[in-house]
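In the two assemblies presented below, subunit A is common to both, partnered first by subunit B and then by subunit C.
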Partner chain A sequence: MFMEVKRTVRFLLQYFSANLQSAMEYRGAFISQIIFMFLNNLMLLFFWWVLFTKIDSLNGWSFQQILLLYALAAGAYAFQALFFAGSFSLSSTIAEGRLDFYLTMPRPVLFHVLVSRSSAAAWGDLAFALTIFIMAASPSPSMMLGFLALCLAGGFVSTSFSVLAHSLSFWLGNSVGLASQLTEALLSFSLYPEGIFSAVTRLVLYTLIPAGFVSYLPVRILSEFTLAHAALMAFFALSISLLARFVFYRGLQRYESGNLVVINAAD
Partner chain B sequence: MQLVRGSLGKYLRIAEISLTNRVVYLADHFTSSMFLILILFIFSQLWKTVLGGGQIAGLNATGMLWYMVFTEVITLSTPATHRTVSNDVKSGDLAYKLSRPYSYILYYLAVHCGEFLVRLLTNLLVGAAFAYLTMGSLAVEWDKLGWMILGLALAVAINFLMNFSLALLAFWLEDNRPFFWIFNKLVFIFGGLFVPVEAYPAGLRFISYLLPLRYGVSAPARLIVNFEYGFLWQMLGGQIVWALLLSLLVSALFRKGVRQVHVHGG
Partner chain C sequence: MAVIEVDGLCKVFRTKSKEPGLWGSLQAVLRPTYSEVTAVKGISFQVEEGELLAFIGPNGAGKSTTIKMLTGILNPTGGSAQVLGLVPWEARRQLAYNIGSVFGQKSQLWYHLPALDSFRLLASIYEIDTRVYKERLHRLVELFELEEFIKTPVRKLSLGQRMRCEIAASMLHKPKVIFLDEPTIGLDVVAKLKIRELIKRLNEEEKTTIFLTSHDAGDIEQLCRRVIVVNHGEIILDTTTSHLRHNYLTTKLVNVKFGAPCPSLSLTNVEILKHTEKGVKFRMNTKLTAVESVLTELFAQVKAEDISVEEPAMEVIIRDIYARPVQEGDQDAAG
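Showing the complex of A and B:
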């Protein structure tokens, strides 16, 4: 078991390193993507800044908590995009018959597809998440570790949700549009405080579109830590990961090869 | 006169072809309006919570959502003409288009307008239906509709010219995409995508009034939601000045850029 985990982690890091080296081949483009993504995220905070010049609190949410919300959402997204960027294009990989390449390899198919890509711009998201978190919370080293763990857990939730959404392609055929709208919904909801939503909407946001576990609950854990919330977070991240794995492999039984000759290269 | 009419007719025909092409993908346009519903849903909840019975920049919660319907409809309906133009420059397709009997800039303006119209209608239908069902109706001053359409038409021209001038940077830069990322975020801020720029602190409001972005997004939306003649004259003045300045910029950039094109046949 331990050896299996070790092998898997090494495999993940090898892909990560290869993707990073590939991105850094064009050093100027790599750095500019990071800087522009950082600025891009920073500008999103402008709306909240303007709004909080008019109000003191938004149903119990302060501007500092909004900053934490953005730091956690960006951090979760960064983990997904850096380590599991294959999840963003999974439905087209399925619909275009490009899973053949992964099926012939002696590695777990889902894991292999997910780690095969990495987004260079996501380094900008990670830098943004860390900067905003440090500004908003002036964290101790242990709090920083907690933040990274929450980003990781949120990253697992968003990756698993992407896998679930994109796996619809096994049943619906090419459902790239639907999958991208669902993942877009998760990201959009995770950037707005739950305090603005009605009880029914919140129920949806803690179940069907689990933005609550990407950013709302993590903000609560960082603001007022309770063991119950941390355990709930870990439990949900694990459960949705197992569900995504189950659904993907059930769908894989319906997969039909397109007999395409495909060169598996980064975009 | 005959020449002008013939020339205008040519571009109207191009716009009509572009419009017809987009009508074929009508279902596609409605599907992509899902994002509009998502963002309007979030903001309907946000403005109800924030404003209750209050106002920001003279607009209550219903007014704010309708304002956002129009800013989002303008933004989402603006076609990615800049991407096609960038590709034309990078791939060399520009050389083929230069030899055709039309102005390259006016050709794309006509294509842009045709596509914009289809997207505008689908997005507006979806956005207005959502806003009506969740927040109630908007009291539009229908007798001022002509002024609103004029403001919208000038906004379309300004948005086209801003995008086109950035796309032309492809003559000199390998990758002009980062400029569009930043441009989109500047639209978000100085274009007043979520909140009218009148709600900004004085310094930022002043900058917004000087830049063209507000005249392409916020101002026409604000005019539709809350029509005032004083606002109309200020907006039209700004739009006309910026449309002229950007036209000069685009034609200067295009002339300079085209001089660098080498056609090798093939």
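Showing the complex of A and C:
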């Protein structure tokens, strides 16, 4: 078991390193992507700052909690984009027959596709997440560890949700647009405070579009830690990961390949 | 010993059909209709260890679909297949350690990185021990003559150099069987010759079984001892390359330069293409008349100074096979 985990982590890091090297081939683009992603995130936060200069709280949410929300959402997204960026283009990989390469390799197909890409811009998200978290919480080392663990769990949730959305391509054909809309919906909802939504919407956000597990619940865990919430978070992250895996492999049986000319280039 | 055994393998794709134009698209959205396309219709064959086999056919014949089933990419609709004793679509990962594949139109190399980096990554994917990898790399660099460009980003390589790297990459884990799907596609004459030479060396020196698909008659003629021709998802010919050449090489083009002027000439069972006082050019079919009898008839009328007999290119033979029904005995010839 330990050896298997070690092998898997090594494999992930090899891909991560190859992606990083590939992105750094274009030094200017690499650095500017990171900087602009950081600034872009900061701009989004700027509007909340303007709002909170007029009000003290928004349905029970303070500006500090908004900062935590953004830090956690950006952290989860950064985790997905740095290690599992293959999830962003999974539907086109399926629809264009690009799974062939992964199917001829002796590695688990889903894991291999997910780790095969890494987004350079996500370094900007990671830097943003850490900066904002340090600013908002002045964390102790253990709190920092907790934050990273929650970003990791949130990243698993968003990656799994992407896999579920993009796997629709196995049944619907080319569903790149639909999958993008669903994954963007998850990201958008995870950047708004839970308090502004009605009970029905919240139910949707803890089930069908699980933004609640990407940012709302993690914010609650960081603000008022309870073991039950932490366990719920871990349980959901694990469950949706297993569900995504199950759905992907069911869909894979319907895979029909294709004859598109393909090159192996990082995004 | 057979390394590939295929029995009644078939694959049916379900495709959406639609009328042309916007109205057709609207109808397809509201009331989609589906049709079934049989890409592979119950084919059966065996490939022995160390064989260099050409699996050819026109576009849409079912070649790539067959390779995809044999490498575990696609699940078949019916029939059975074993590669190295494993059912590809059931033991895909286990099989992957022992087979290699190169799809001419799909690169496994990283476009922005040198091939050496892709090799390193592939070594990690195949879990090749560092020492074994270094030895193997050294051997492949030597065999494929990669030294000059192995550290150059793949995007800067010529297509021929890239293909050499692709084949070397698929050989890193020392597979027993390698599937090459159109490895010479888009290459110039010199690069094609180089790739063919390397594939031949690979087969001879490493004893690798090679399953090759190609549209290029030269690949088949210069590389393979056996040919399987597929068309419309069925095997229409399974024979040796030499048998193919002799059995289908019935048309000959004869060029004769006369020693003395000959204004009139009469030859039976030949098609005269050009006749001047100085020479004649005609086409003959060896199934209708023997070369010897035509030449005897010719020499009785004229003194020849020079004679040349041209055979049709393999490409023409293959085109002929696609167009006409299979002849008796062709299926057994390879056995």
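Quick note on the criterion: the second predicted complex is superposed on the first by the 263 of 267 C-alpha atoms of A that agree within 3 Å, B and C clash if a C-alpha of one lies under 4 Å from a C-alpha of the other, contacts with A are read in each partner's own complex, and residues count from 1 in each chain.
Note that in this section a contact is a pair of C-beta atoms (placed from the backbone, for glycine too) under 8 Å apart; a residue touches a chain by one contact, two chains touch by 3 or more.
Since we're looking at a predicted model, the values are computed, not measured.
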Which superposed partner A:Leu58 touches (first subunit B, second subunit C, both, neither): first
Touched partner set for A:Arg7, first subunit B, second subunit C, both or neither: second
Partner chain(s) touched by A:Ser239 [first = subunit B, second = subunit C, both, neither]: neither
Touching partner for A:Thr226 - first (subunit B), second (subunit C), both, neither: neither
Which of subunit B and subunit C A:Thr207 touches, first, second, both or neither: neither
Shared subunit A contacts, counted only where both subunit B and subunit C touch the same residue: none
Residue ranges of subunit A in contact with subunit B within the complex: 29, 32-33, 36-37, 39-40, 43-44, 46-47, 50-51, 53-55, 58-59, 177, 181, 184-185, 188-189, 192, 195-198, 201
Subunit B - residues contacting subunit A, complex: 31-32, 34-35, 38-39, 42, 45-46, 48-50, 56, 175, 178, 181-182, 185-186, 188-189, 194-195, 199-201
List of subunit A residues in touch with subunit C within their complex: 7, 10-11, 14-15, 18, 21-22, 25-26, 98-101, 103-108, 112, 173, 253, 255-257, 259-266
Complex contact set, residues of subunit C against subunit A: 13, 16, 64, 68, 71-75, 92-94, 96-97, 99, 101, 103, 105-113, 117-118, 120-121, 124-127, 153
